[in-house]
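We just call them A, B, C, D and E in the order they show up, numbering each chain from 1.
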Amino acid sequence: MIYYIGSLLLIAVGLYAVLVKSNLIKIIIGLNFISSGVNLLIISVGYINNGTAPIFSRLGLNPNTMVDPIPQALTLTAIVIDASELALAVAFVVLLYRHYKTLDIKKIRSLKW
Amino acid sequence: MVGGAHPILLIAVPLFFVFLIVFFSSFFKGIVKYLPIIAFGINLIVIYQLIPEVLGKGMVISTTAGFKPPLAIDIVVDRLSLILAAIGSVLGFLVAIYNVSYIDEEPQERYYALFTLLVTGIIWMVVTGDIFNLFVAFEVTSIAAFGLVGFHRDQGAVEAGFKYLVMGSIGGGMLLVGIIMLYAATGTLNMVDLAQKSVHLTFGQKFLAYSMIFIGLGIEGALFPLNAWLPDAHPAAPSSVSAILSGIMTTAAIYALYRLTNLMFDYKQIYTILLFFGLLTLIFGEVSAYFQQDIKRMLAYSTIGQTGLFFFAFALDSANGFQGSIMQIINHSVSKALLFLVTGGMILRIGSRKIEDFAGLGRKMKFSSFFLAIGAFSLMGLPPFFGFWSKLKIIFAALQNPNFFMVASVVIILLMSVVEGAYFFKLLQNMYFGKPAENLQISEAPAGILISFTILGLILIFISVYPTPIINLTHQVANDLMSKSYINIALRLGGL
Amino acid sequence: MVIDKIFFTIITPIFAFAVGLSFMMIKLKVSARIERRYGPPIIQPIYNILKLLLKEENISHGVIFSLGPVIALAGSILTVLFIPYAGIKLFTGSGDLIALMYIMVIGSLGMALGAGESANPNASIGISRALTLMLGYDLPFVIIIISVVLYYHTTNLADIVAAQAHGHWTLWSLPLSAIVGFVVAYGALGEHPFDIITAPHEVATGPMVEYGGKHLGFLVINHAFHIYIEIALFVDLFLGGATNVLWFYVKMFAVFFIMMLFDEVYPRFKIDDAVRFFWKWPTIVALISLIIVLVK
Amino acid sequence: MNASLELLLATPFIGGLLAFIGGKVHRWIRNLIAIIFSFATAFEIIGYYNVTIKGIVWGKLFGSDLILQTNPITWLFLFIVTSASFLIVLFSIDDMRKEEDELKLDAYYMYLLFVEGAMVGIVLAGDLITFFMFWEIMSWTSYFLIIHGGKRSMAAGYKYIIMSVIGAYAMFLAMAMLYAKAHSLVYTDVANVLLHSSPAFVIWTIVLLAIGFFVKAAVMPLHTWLPDAHSEAPSPVSPLLSGVLIKMGAYGLFVVLYGLISVKLAGSLMPSVFSTPLLLYIIQWLAALSIVLATFLAIMQEDAKRLLAYSSISQIGYVVLGIATGTSLGVAGGLFHALNHAIFKGLLFLVVGAVIYRTGTRNLSELGGLIKKMPFSFVALLLGIIALAGVPPLNGFVSKWMIYEALLQKKEVFLLIMAFVGSTGAFLYVYRLVHSIFLGQLPKKYENVKDVPILMQIPIWVLALLTIVLGIMPGLAMNVIVKGMAFFGFKPIAYNLFGFPQGTAMGALTTINISAGLAIAFVVAWILFILFPKSRKVSQYDNYAAGQVVTEDLKYNYSYGFYMSFSRVIKPILKWSIERVYNYWVEAAKIFGDYYMRRIYTGNLETYNAYIVIVITLAAAFVLLGGKIW
Amino acid sequence: MDRLTEEQAKTIANMLRKRSLWMIHYCTGCGAIELPPTMTSRYDMSRFGLAPFVTPRQSDILLVTGYVNIKTLRRIITVYEQMLDPKYVIGFGSCPINGGVYWDSYSVIKRLDRYIPVDLYIAGCMPRPEAVITAFRTLMDMIDQGKADGYKRYKRNLAYYKENQRKVLG
C-alpha cells in the first residue's frame, strides 16, 4: 500500500513541480518525478510481499508467491522511453537558453494564441 | 498468416528502414531521402494486400514472439484500423515524396529517421491490439513528434517543441497510469481480453482508469482544454510534419480513444461527457482559428475544431454517429493534410506565413491554389466535396433523436461551420482576388511538393465525386463498432 | 353595337376634353371674381391653346422631348376611355379600378420622360417633386380605393357606379373616405397648396420649362383631360356617377367648384411638407375609414 | 430534345469544365463552348414543356433516394434559369473582354455555367438532399462569380457567402430534423411525415427552411448582402443574381409551402389571419416590408446598380408576397412575377451593364444624356422600367395586378397598401434611373460613346421583346403556371391569352384592349401633333437658365440627390438599419471571442499544465462523487 | 383648312395671338414697380388675355423694364433668342430708350433697339399702368395688322444686330 501512496505522491509532486515551478530544469525534474512515480506504480502492481523473482531457479517455488514479471518488463520499456524523453527535453532546454537567454518559462512566451 | 498479408509488416518494415536511414546516413547520404518513400511504398503494398482479407473477414490478426494471445503482443487490423492505417500510409508515402523537395535543412538523416518513426508510430498505434503496446507506440510517436516540431531549431520551433514535450510527457505518464490501473484490475493487457474481463469492474474503477487514459490520449488528440500545445506545435513544425501531425497523428490518438471507449468504457455517462468535450473543442478551435493571422496556426486551430466535430459525432454513441465520425476523420485527414502540404509549398515560395502575404497567389501558383481551395471546400463541407457528405451524416446522426440538447449542439456545430466558412473564405478570397505585392516573382511549387499534393488532391476529388464505397465501408465500420464485433471476430480468429 | 362602341370611343375623349376645357374657362373667371378682378374673356383657354398650337416656330431637344406631350396625351385619352361616365362604360370591362390606377400613370410617365430630356435643371426638380408628391398622395389614395372596393366587393368601376344607384352614394356610406378622396384628387390636380411641382416663381413651371409652342399646347390639352379624369373618378367613386351627361357634368362641376375655392385661399406647401401632410391626416382618416369597412 | 434529366443536369457542368479547359487553348474556343453548352441546356428543356415526371432516382445516400423530377412549375423556373444564363453568356462575351487576365475569364465562364447547373439541379431536385446539395454549390459558385468584380466586390462577396452559409445551415437543420423523422428526404415522404407531425415541428421546419430561402431571396431582415453583392458583381453577373438566383429562394419557398406542406395543413396547425395561416401571414408581412423599405432605399441610391439591387429586394417581395397568399390567383401572380422580374430586371441590369461598358461608371450623377449616343439601350431601358414600375401594357403590370387582386380577395388590405406604395415608389427610382443615365445633360467626356456591340444587344433585345410579348399575352406564361399549379393541388384560374376575363375575379383585365387602346391613342395624338409646325432641333445647351448662357464645361443638370426632399421625409425610417444591428453583433462576438481566446491560449506553459491538472482533478472529483454527473 | 389661303390663315393666327399674349418680364430697378398694379385687380391686364409667364419658351412678349447694362444685355439677348416666333419686345420706360437717368453711365446700354428689335416703347419714368395697358392695346393692334414684325427684322438684319452686340459684349 505504501508503494501506491508513494508513487501517487511522486506523481503529485511531479505535477506540482510542472505546474508551479518556472525554471525549465525544475520542470524537467518534475517530469521525471512523474515518470518515476508511474514506474513505481507499475512495479508495485506486480509486487507481492515476500515474493520471489518470477524465475523457476529452483524447484518448489510457488507461482503464486512470485511477483508478476510483466510489470517489470513494462517498467523497463517505460524507463527507456523516459530516458529518451529526458534527453530530448534537456536538448530543448539548451536550445531554449540559447534563444531566450533565460530559463524562466514565464518569459518564454513568444508563441501565444 | 494467410495470403502473405502480414499486418506486422506495417510496423516492421518502416522500423527497419529507420535503422537503414541511420545506417546509410554516415556513408551514403544521398539515398537517405528516398528511403521513407520505399518504406511507405512497401506499406501501401501491404495494405493493398490486406484489404480483401480485412474486408472479407472483418479482421486480420498477427501475433508476435511465438506466444499465443493474450500473452503475446498481437497486431490486429480490423476495418477501422485499416482505414486509418491506409490513410497513414498514404500520407506517409506522399509526404515522403514531398520531403524530397521540401527538406533542405541539415541534419537530414535525423529528419528522415524521425519522420519515418513518426509515421510508423502512428500506424503502430492504429493496428496494435495490446494496450501497453499502444502506449509504446504512443510514446514513439510523441518523441518523434517532439523532435520534428523542434526540427527547425529556431526560437518558435524550440519553444513549441518544449511545450509539446512537457505536455506530451505528462500525457504519456497519465496514459501509463491508466493502463496500469487496468492491468492491476484485470491482469491482462490484450484489448480483447481486457474487454472481456473488465465487464466485472465497477463503473468507478473503470472511470478512474478511463480518465487517466483520456487525459493521455486527449492531450495527443487535441481535445479541449488539453490541446494548448497544438496551435504552437503545428505551425512551428515543417509543413510536411504538420500535415502528418494534423492529418493523422491526432486522429490516431482519437482512434485509440475510440477503440478503448468502445471496447471497455461503453457507458452512457462517459459518452455524455465526451459530447461536451467534443462540443467545447469544436467551439474553441473554430473560434480561435477565425482570429489567426498566421495561416498554419489557423489551420492548426481548424484541426482542433475538426477534431471536436468528429469526436462529438463519435460521442453520439450511435451507428450513424460512428459512421459520420469516421467519414469526417477521412475527410479531415485528407483535406487538412492537403492544406498543410499546399501551404507548405506556398510558404516555401513566398517566405511568409501571414495570410495577407498570400494575396494574389491564385495567379502565380495555380495548382497550389486550386488544391488549397479544394481542401478548404471539403473541410467547410461544401458540396460536392467529401466534407459535405460527412457533415450531412454527422448532423443527421446528431438529430436522430432530436431533443433540446441535440438541437442546440447541432446549432452550435452549424454556427461553427459558418465560422469555419468565414475564415476559409477570407483566405481563399485573399489568395485568389487579393492584390499581390509589388513585383512578386514566384513560380509554382517544386516538383516533389507538386506531385504529392496533386495526388492527395486527386484522391480527395475522387472520393468526393464517388463517395459510395467509402460510405458503405464506414457504414460497416460503424456497425462493427456498434455490435462490438471486434471482440467476437478476434475470438473467432484466435486473437485471444 | 360595334359601331356604337366606336362612336363612343371617338366621342368620349372629345367630351372629356370639352368638360376639362370648360372647367378651365370657368376657373379663370371664377378665380378672377374671387380676386375682385374682371378676368379674361371666358374662352381665353381656347385662345391660349390655339395660339400655342399655331406658333410659327417650335423647338425640340430630341425625340423623347417631342414624344413626351404626345405620350401624355395618349395616356390621358386612354384613361378617359376606362372611366365610365353617364352610364357609358367603354373599356371598363377590360381593366378594373386597379388597372385604371396604373393606366393613369402612363401619361405622367411620358410627360416626365419628355421633360427629362430637356436637360433643364428646373424640369428635373419639377419632376422630382411631381413624383415625390405622387408617392405622397398615393398612400391615402390606395387606401380609399381599397376601402371603396372592399365596400362594394368589386373592382369594376362600372359595378361600383351601379351599386350607388338611387342615391346610395359612397359619400353617405363612407364619408371619411370621400373626404380623403377629395383631398387626394385635389392633390393630384396640383392646385394650391400642392402646386410646388410647377411653382412658377421657383422652378419656372418645373417640368414644362422648356416646353413652348405646340408642345405646351398639347400639355394644356392634357391638363384639361387631367382635370376631367381626376374629378370624374371622384364622382364615379363617391358621388354615384350619373345616368345622363348633364347630371354627371353638374356633379363634376360641384366638385370642381369646391376645389376652386380651396385653390384660391391656400399658399403653397414645401414638397416634403406636402408629403408629410398626405402621410399624416389623410392617411389616418383613410385608415380609419378602411377599418370601418373591414369591421363591417 | 429528349435528353434525360441527368443529361440536362450534367450539361452545364460539363460545359463549365470544358470551357475552362478550352480556355487554355484559345479564348474563342472557350467562348464558343460556353455559348454552345448554355444554349444546349436551354434547348434541352424544350422537350419538358408540360411534361410531368414524378421522379428519377439518380443516386442513393444514407438510405434516402436522390431524385430528379420535373413538372410545369419546374419547367417555368428551368426556362428562367437556362434562357437567362444563355443570354448572359452571350452578353459576357463582349462585356468581359476588357478583363485581361485570361485565367480569370476561364474561371468566370466555368463558374457561370456551374451556377446555371446548380440552379438547374435545385429546380429539378425531387428530394431535399439534392436540393440542398445544389443549393450549396450555387452559393459558392456564385460567390466566385461575384468576387470577379474587383476589390470592392470582395467584401460584398464575403458578406454574401457568409450569409448564404448561415441561411443554408438553417435549412440544413430543418432537413436534418425532417430526416430524423422521415428517414428519407424525398418530397413525397417528407410531405407524408409532415402531415402527421406536431404543429410545433411543422412550424419550426417552415421557419428554418424559410430562413434559408429568405437569405437567398433577400427578404427584408436578411437582405443586407444583396445591395453590395449585386452592385459590385461584374455587369453580366448582376442580372444572373438579381434575375435568376434570388428566384431560387422563391422557388424553394413555393416547393416547401405547397409541395411539402399544403395550405390546408398549415391552416389546420395555426390560427389564421385574414384567412391566411399565421406563419404565411408573417411571411407576407416580411415580404411587404421588403417591398416598401427597399423601395425607399432604392429611391435614395446614387449608384445605378445599387439602385437596381434594392429594387430587386423590393420586387422579390412581390414574388414572395404572391406566393405566400395561398390562393390560386396570388400564387400564380407570384410565380408570374418571378418570371417577369427575371425578364425586366435582367434587362435593366444588362442595359446598365452596357452603359458601364461604354462609360466605365455607374454613378448616376456622372452620367446623363446618353439617349443621343445609345438610343437602342435607351429604348430597352425604357421598356424595362415601364415593366418594373408595373405600368401597362408591359408584363410587370399583369403579374402585379394578379397579386393585388389576390390580396384584395383575401382582404389583406395592409399588405395591399404596402404593395401599392412600393409600386408607386418604384416609379420614383426607375425614373431616376432613366433620367440620370439617358436623359439630361450629356457630359463632354461621353461625346464619343456609341451603342454597345451587337452581341451585347441581342440579349437586351430578346428580353425587351419578352416584356412586350408577355405584357400583351400573359396567357402564354399562365399556360405553364396554371398547369403546374394544378400539380400542386391548386384550383385552376380562368385566363385567356390576353388576361383574365370578367367573372372569375373581382375585376377583369384584357391586356390587348389596353395596349391596343394605347397604341390607337398614341397614333391619334401623334397625328394631331404632326399637323402643327415642325419643331426645330436645338442643342441641349440652348436651355433656359434664367438667361444664363449654358456652356459645355458647366454641369447644370440636376442629378445628384434627386429625391433629397423625399429623403427628408423618410429620415426617421432611414435611421433604422438592420445592417448596423448585424454589424454590431458581429463586432461584439468578435471582441468577445478575441478576448476569451487570448485568455485561454496564453502561451504560458503553466496555464496549459494547469488545464491538464484541472481535468485530472475534475475526473477525480467525478470518481469520488460516485460517477454521477447530474 | 386647305380652303383658307395663307393670308387668311395668318389673319386668324394673328387674331388669336393678339388675344393671348404671355409675357416674360425682364425687370431691373423701378421697372417692376408699375407692373404689379397692372396685373392685379385694379387694372387687371388679364382682361386682354395677358398673363405673366416665367420661361421664354412659353412667352410671346419680352418686357424689358428698366435699364439694361452690359452684363444683363447678354441675358436679355439669350432670353430673346430662346423665345419662339412670333415674339415681341416692349421697351418699358425711358431707360431702354435712351438710358434714362443713367444716360451717362459707362456700363448702361443706351438704346436697346440696337441690339434686339423692339416693337414698342413705352415712354415715361416710370409709365403708369394706364400707359402700359395702352401700350399693350397698341401692340395688339399692331399684331392684328401684322406690323409687329420685330422677330422678322431680327432675322433679316441678324448681321447688324450681331455686330452691335459684339461691339458691346466683346
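Keep in mind that, in the parts below, a contact is a pair of C-beta atoms (placed from the backbone, for glycine too) under 8 Å apart; a residue touches a chain by one contact, two chains touch by 3 or more.
What you see is a predicted model; the values in this text were computed from it and never measured.
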| item | value |
| --- | --- |
| Target subunit C, source subunit B, minimum contact steps | 2 |
| Interchain contact steps from subunit B to subunit D (minimum; 1 if touching) | 1 |
| Chain labels contacting subunit C and also subunit D | E |
| Centrality ranking, top chain (CA atoms only) | D |
| Furthest chain, CA centroid comparison against subunit D | A |
| Identity of the chain that, by mean CA position, is farthest from subunit E | A |
| Of A-D and C-E, whichever chain pair has more C-beta contact pairs | C-E |
| CA centroid of subunit B to CA centroid of subunit E, Å | 97 |
| Averaged-CA centre spacing for the pair subunit B and subunit A, given as whole angstrom | 27 |
| Centroid distance [mean C-alpha coordinates] between subunit E and subunit D, Å | 59 |
| Between subunit E and subunit A, distance of the C-alpha-averaged centres to the nearest whole Å | 116 |
| Multi-partner residues of subunit E (each touching 2 or more other chains) | 55-57 |
| For subunit D, residues that touch 2 or more chains besides their own | 542, 544, 546, 597, 600-601, 603, 605, 609, 616 |
| Touching two or more other chains - residues of subunit C | 54-59, 204, 209-210, 213 |
| Listing of all chain pairs that touch each other, if any do | A-B, A-D, B-D, C-D, C-E, D-E |
| Interfacial residue positions of subunit D with respect to subunit B in the complex | 61-62, 101, 103, 129, 132-134, 136-137, 139-140, 143-144, 147-148, 151, 154, 157-158, 161-162, 165-166, 169-170, 172-173, 176-177, 179-180, 590, 593-594, 597, 600-601, 603, 605, 607-609, 611-612, 614-616, 619-620, 622-623, 626-627, 629 |
| Partner subunit C, residues of subunit E touching it in the complex | 13, 16-17, 19-20, 40-41, 44, 46-49, 53-58, 60, 83-86 |
| In the complex with subunit C, residue positions of subunit D that touch it | 368-369, 371-372, 378, 382, 386, 389-392, 397, 401, 404-405, 408, 411, 413, 416-417, 420-421, 423-425, 427-428, 431, 434-435, 439-442, 499, 502, 506-510, 512-514, 517-518, 521-522, 524-526, 528-529, 532-538, 540, 542-546, 556-559, 562-563, 565-566, 568-569 |
| Parts of subunit A lying in touch with subunit B, wherever the complex brings them together | 11, 14-15, 18, 24, 27, 31, 34-35, 37-38, 41-42, 45, 68, 70-71, 74, 77-78, 81, 84-85, 88-89, 92-93, 95-96, 99-100, 108, 110-111, 113 |
| Residue ranges of subunit B touching subunit D (in the complex, touch as defined) | 162-163, 166-167, 170-171, 174, 203-204, 207-208, 211-212, 214-215, 218-219, 225-226, 228-229, 231-232, 269, 272-273, 284, 287-288, 290-291, 320, 363, 366, 377, 382-384, 388-389, 392-393, 395-396, 398-402, 407, 410-411, 414-415, 417-418, 421-422, 425-426, 429, 432-435, 471 |
